[in-house]
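Each of the two complexes below includes chain A, the first together with chain B, the second together with chain C.
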Partner chain A sequence: MTRDVPVTLLRAGAALLITYGFLVTGFLASHGSNPQPIAGLREWVNRPLGLGEDFGPLGLMVLLLCTGYAAGGFVRTYLPVGVATLLAAGAVLIGLDISTVPPDKSVTLANVAGNLTFASHLVADKTLLVPLAWVVGCQLVACLVAFDRRGWFAPAAVLVAVGELCVLAANGVDLDHLARPLLFLPLVLLGHVVRRLHDRALPAWAGLLLGTGCLVALAAVDRTFPDLRKWWYPVAATYAVLVFLVALLVSGRTAASVAGRTVTRWLADRVEWLLVLSGVVGFAVLNALRLHIPVPVGMIVALVAVGLAADACHRLTRRRSGT
Partner chain B sequence: MRYLHGLDVLRVLASVAVVYTHTRDWFATGGQTWRLDHALTATVLAPFRLDAYLVPIAITTFFLISGLVVTFAAQRESPGRFLARRFTRVLPALWVVLAIVWVVARTGTPIGVTGPVDGATLLTNLTLTNFFFSGNPGLDLVTWTLVVQVCFYLFVAATIPLLRRWPWLPAAISVALVSVLLSVVRTESPVALHTLRVAVTLLPILFIGQLIALVRLRRLHPLAGLAYGAAHWLLLVRGDLTSDFTPPVPGYPQTVVCIALLTIACCRMSGRWVAAGWLSAAANRTYAVFLVHVPVLYVTPPLLSTTAGTTLAFFVAMVGTAVAADLLYRFVEMPAVRWWRTWENRGQNTAERAPDDLAGRVEATR
Partner chain C sequence: MRGARRGAVAVGVVHVLLAVLALGAVAVLGTGADPDRVDLRVTLPDPDPRLPVNADVLVIVRPPGTVVLDTTKEKRGAWLADVLPAKEANVLGHAGAVDAKAFVSRDGALSRGVWQFGIRDGVDPHVALRAADDLYGAGGWQRAPGPRRGLLVRAQTQPIAAYRAHYVVGPYLIRVEAYGSDAAAVDREFAALAGRQLAERPPR
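What follows is the complex of A and B.
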C-alpha cells in the first residue's frame, strides 16, 4: 500500500468538504438562505458533531494535514493564489460580484500586489480579493518546513513563533486578522511531524513532544482570540487529526480502489484550485445567475464552472511547471 | 486474531476519565474543588470542549470496546457458552461489591445510597432490576451501564448463527430494531421505560463497536461497515434529539465519532510500551475499578481530617480504589472465570477443551 493512497483519499474528501462549505452553503448563508436538505444536514450532522461553517474548516484542516505530510513544490503551491488573485482583480474591474473581504471591493495596484504577496493577509483591514488565500500561505509554510533536514527544528521554531504571537495578542496587540491562520498552522506542522515519524526520521519521543506542542498551540490560539471560540475549531481539528491517522494506518484494498478512481484523483489533484476559485468563479456565476434562474440550477452551473476553471488552471500550470 | 494491546490503552484512559469525573462531581457536590481540576479544565478540557464530555467519553469507550471484543468472542462460541462466559465475568464481581455496599449502608455509613436499605433493595440490585422499579435505590450507581451491556449480550447471543453465516444481517436487524424501539419507547415514565429508553439510545454505540470488529475480521466490507456505522450514529442522534432526558449529558454523538476513530487507530498500535505488563494489568482491572470507585470515594475521604485538603483526599481515594479493585480482580473476578472454564472443560480431553484464550483476556471487557 503506497502512502499516496490515504493522501489522495483525504485530499479528495477535503475538496468535497471545502466546495460544499465555502461555495454551496457559503453562498446561501451570505444571502440568508437556509433551505432543506442543508438545514436538515446541519440539524442532524453538523450540530451533533459540533462542526460549524458546514464542514468547510474541517476540509481545510484535513487538507493542511495532508500538505504537512506530503508538501509539494514552492512554485506549484503558490500558483493557485497568484492566478486566483489576478482573476479576482479582473473580475472586480469588469464589475462581477465575487466573494471578497470586505464585500465592498476596491482594486488598486497596491491592493493586488498586497494580495499576491500575502501582505494584505498579514496587515489588518486590507481588502482580501481571495479570502481563503491564507490557507495556501499555510501550505507554503509546510514547503519551508520540509526543507529542514533535522525534522524537529523548523516545526519547533514555527510553534515558538505561534506562541509569541499569542502572547502579543494576549497583551493587547491587534492580531485578530491572523487568528485563523495561526490556529490552522499547527495542523501543517502536525502533518509534517507524522511524516517524519513515518519515515523514522524523528525519534518517537520527539514526535510525541512536537505533536503535543501542535495541539497545545492550537488550544492556545483558540483561547487567545475570543472571536474564534464560537466556532469550536479544536473540535474540528480533533476530527481532522483522527481521520488523518486512521487513513494513514488502516488504508487497505478498498481505500486503494477508491483512491484509484478517476473522480477521486481529479478532486485530489485540484483541491487547491477549487479552494481559491470557489469565491471567484463560483460566486461570480451564482451572483450573475441569481435573479434569472432558480438557485439550485445556478448552483449546479456554478459548480460546473468552478470545476472547469480548476481543471483548466491545473492542466495549464502543470504543464508550465513541468510536473 | 492477535491480542489488541492498543485497546488496553483506551480502556485505562476511559477508566481514568470516569474516576476523575466522579471524583470531580463528588467534590463539587460538597462545594469543593481542587487545583488539579482547575488547571486541567483551563488548559485541555475547556478548549477541546471536553469539560462536560468526560462521562460520555468514558462510557462510549467502554461500550465501543465491549462491542468490538464481544464480537470477536461471538465468532467462536455457541450462544449458550457466549452468555455463560459473559455473565461469569460480570456478575460475581458485581454481586460481591453490591453485597459489601449493602452491608456498609446497613450500618448507617454514608456510601451514596439514598433510600431504604432492605432485602428487596439488595435483591433488585443484584438482578439489576432496581432500574426498572421505582423505590429501589441503587447501591452502586454506575451499574446502569450493565443494563445496556446485558441487552447487547442477549442480542448477540440470539444472532450468533446469523453473525457467522451472514454477518451483514445482524447489523441490518440491529439498525431496524433500534429504529423501531426509538419510535415505540417515547415516554420516559415510569422508570422502566426510562431505563429501556436509555438502553435503546446507547445500544448503537455497542453496535458500532461490533461493526468495527466485523470489518477488522474481514467479515464485512469496509464501505458496508461505514454505511451501517453511519446509520447507527444517526440513530444515536435521533435518540438524543427526540428525548429531553436521555442521554442525560450532551456530547455522545461527538464522542462516539472521536472514540470510534481512535479505537480503529488503536487496533493498529503495537510496540513495547503498548504491550507493557503494567498496562495490561491495569486494563484487566478496569471493570473492578469501575465497580468500586464510587463506594470507595464515599467512604475514604471522610476518614481524613477536614484540614487535610482536597488533593490529599483525592490521592487517598485513588489509592483506596486501586487496592479495592486489585483485591476484587484477584479474589473474585479471575477465580470465577477460571472456575467456569474448568467447569466447561470437565470430562474432556486436552484436545477438546475450550481455548483458554489467555485466561479470557480477549473478552476481558466483558
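What follows is the complex of A and C.
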C-alpha cells in the first residue's frame, strides 16, 4: 500500500472541509445568515463535536499534518499565495468585494509586497489581502523542516521558537496576530515527526518526545492567547491527529480505490489553490451576484468559479514549475 | 478491483443501515424534547453560530474564594426550589424564572455569589427584575447606589452587612451578591465583583 493513498484521501477531505467552512458557510455567516441545512448541521454535528467555524479549522489541521508528512517543493508551495495576493489586489482595485474588503487606498505597492512576503502577517494591524495565507506560511515551514536530515533538530528548534513567543506574549508583548499560525504550526511538525518515524529515520523515543512536545505547544498557545479559547482548537486538533493516524495505519483497498478516483485526486492536488482562492474569487463572485440572483444559485456559481480558477492555476503553475 | 468495489459497497450499506436505525429511533421516540416542559423553555440568542458552543449559555463570572455552590455544570441549571428559600423561589418562579445557574463562594466570614436565572420564553425579564427588587425592598433592604445604570442594588446592614444587585442580560436575570460580618470588606468585595461581572456582561 503506497503512502500516497492516505495523504491523497486526507488532502481531498481537507479541500471539502475548507471550502465548506471558509467559502460556503463563511460567506453566509459574514452576512448574518444561518440557513438550513447548515444550521441543523451546526446543531447536530458541529456543536456536539465541539468543532467551530464549520469544520474549516479541522480541514486546515488535516492539511497541515499532511504537509508535514509529505512536504512539497518550496516554490510550488509558495505559488498559491503569490498568485492569490496579486488577484486580490487586482480585485480590490477594480472594485470587487473580496473576503477582507480592504479599502482601495490600502492596496499600495508596499502593502502588496508585504502580503507577498508574509510581512503583513508578521506585523500587527496590516491589511491582509489573503487572510488564510498564513496556512501556506506554515507549509513553507514544513518545507524548511524537511531539509533537516537529522529529523529532530528542526522540529525541536521550531518548538522552542513557539515556546519563546508564548512566553513573550504571556509577558505582555502584543503577538495576537500570530496566535493562529503559532497554534497550527505544531501540527506541521507533528506530521513531519510521524513521517520520520514511518521512515525509521527517528528513534521511537525521540518521536514520542517530539510528538508530545507538539501537542504541548499547541495547548500552550491556546492557553496563552485568550482570543483563541472560544474556538476550542485543541478539540479540532485532537480529531485531526486521530483521523491522520488512523488513515495512515489502516488505509486498505477501499481507501486506495477512493484515492484513485479522478475527483479525489483533483481535490487533493488543488487544495491549496481552493484555500486561497475561496476568499478572493469565491467572495468576489458571491458579492457581485448577491443582489441579482438567489444566494444558493450564486453559491453554485461561486463554487464553479473557484474550482475553475483553482484548476487553471494548478495546471499553469505545474507546467511552469516543471512538476 | 471488483473486490475493492464490493468492499466499498458493503461499507456504504452498513453506514446507510446505521443512519436508518438512528433516524428511525428519532422518528419513533422523538428528539428527547419533553412536551410537558414546553412552558419552561428559554430560547437563547446565538450571536455567533460558528462558535463550538453558544457563548450565551453561561454569562456569569466565577467569584474568588472557595466555591461552595456551583450549578453551572448542569445543562439546565438547578430548579429554583433547590437553591433558593421557598418564598423567593415562588416569587421568581411567578415572574418567569425557570432555573438558576450560580456560583457562590466563601472566604472566611465573607460570601460572594453570582446567579443567572433563565427567564422563560414570552416573559419580559424586566418583570423578574422588578419582582426580585421589590421582594428585597419589602424585606427592609435599602436602595443603594449602583455602579451602572440598569443595575438595581439593595443593601442591608443588620443582622449582617449584605448587598444584592439585579440586572438583565438577554433572557437572564443576573444577581450579584456579597454578605458577611465585616461591613468594609463586604462593601469592597461587592464593588469588585459587580465591576467584574458588569465588565464581562453589561446590561442589555
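In this text, the second predicted complex is superposed on the first by the 318 of 323 C-alpha atoms of A that agree within 3 Å, B and C clash if a C-alpha of one lies under 4 Å from a C-alpha of the other, contacts with A are read in each partner's own complex, and residues count from 1 in each chain.
We take it that a contact is a pair of C-beta atoms (placed from the backbone, for glycine too) under 8 Å apart; a residue touches a chain by one contact, two chains touch by 3 or more.
From a predicted model like this one, the values you see are computed outputs, not experimental measurements.
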Joint occupancy of chain A by chain B and chain C, clash or fit: clash
Contacts of A:Val235 with chain B and chain C, given as first, second, both or neither: both
Partner chain(s) touched by A:Ala29 [first = chain B, second = chain C, both, neither]: second
Partner chain(s) touched by A:Ser106 [first = chain B, second = chain C, both, neither]: neither
Touched partner set for A:Gly52, first chain B, second chain C, both or neither: second
Touching partner for A:Thr212 - first (chain B), second (chain C), both, neither: neither
Which of chain B and chain C A:Thr117 touches, first, second, both or neither: neither
Partner chain in contact with A:Val250 - chain B first, chain C second, else both or neither: first
Chain B and chain C footprints on chain A, overlapping residues: 50, 232, 235, 252, 254
Contacting residues of chain A [partner chain B, same complex]: 43-45, 48-50, 216, 218-220, 222-223, 232, 234-235, 238-239, 242-243, 245-246, 249-250, 252, 254-255
Parts of chain C lying in touch with chain A, wherever the complex brings them together: 1, 3-5, 7-8, 11, 46, 48-55
Complex interface listing, chain A residues touching chain C: 25, 29, 34, 39, 42, 46-47, 50-54, 230-232, 235, 252-254, 256-258
Partner chain A, residues of chain B touching it in the complex: 43-44, 46-49, 221-223, 234, 237, 240-241, 253-254, 257-258, 261-262, 264-265, 267-268
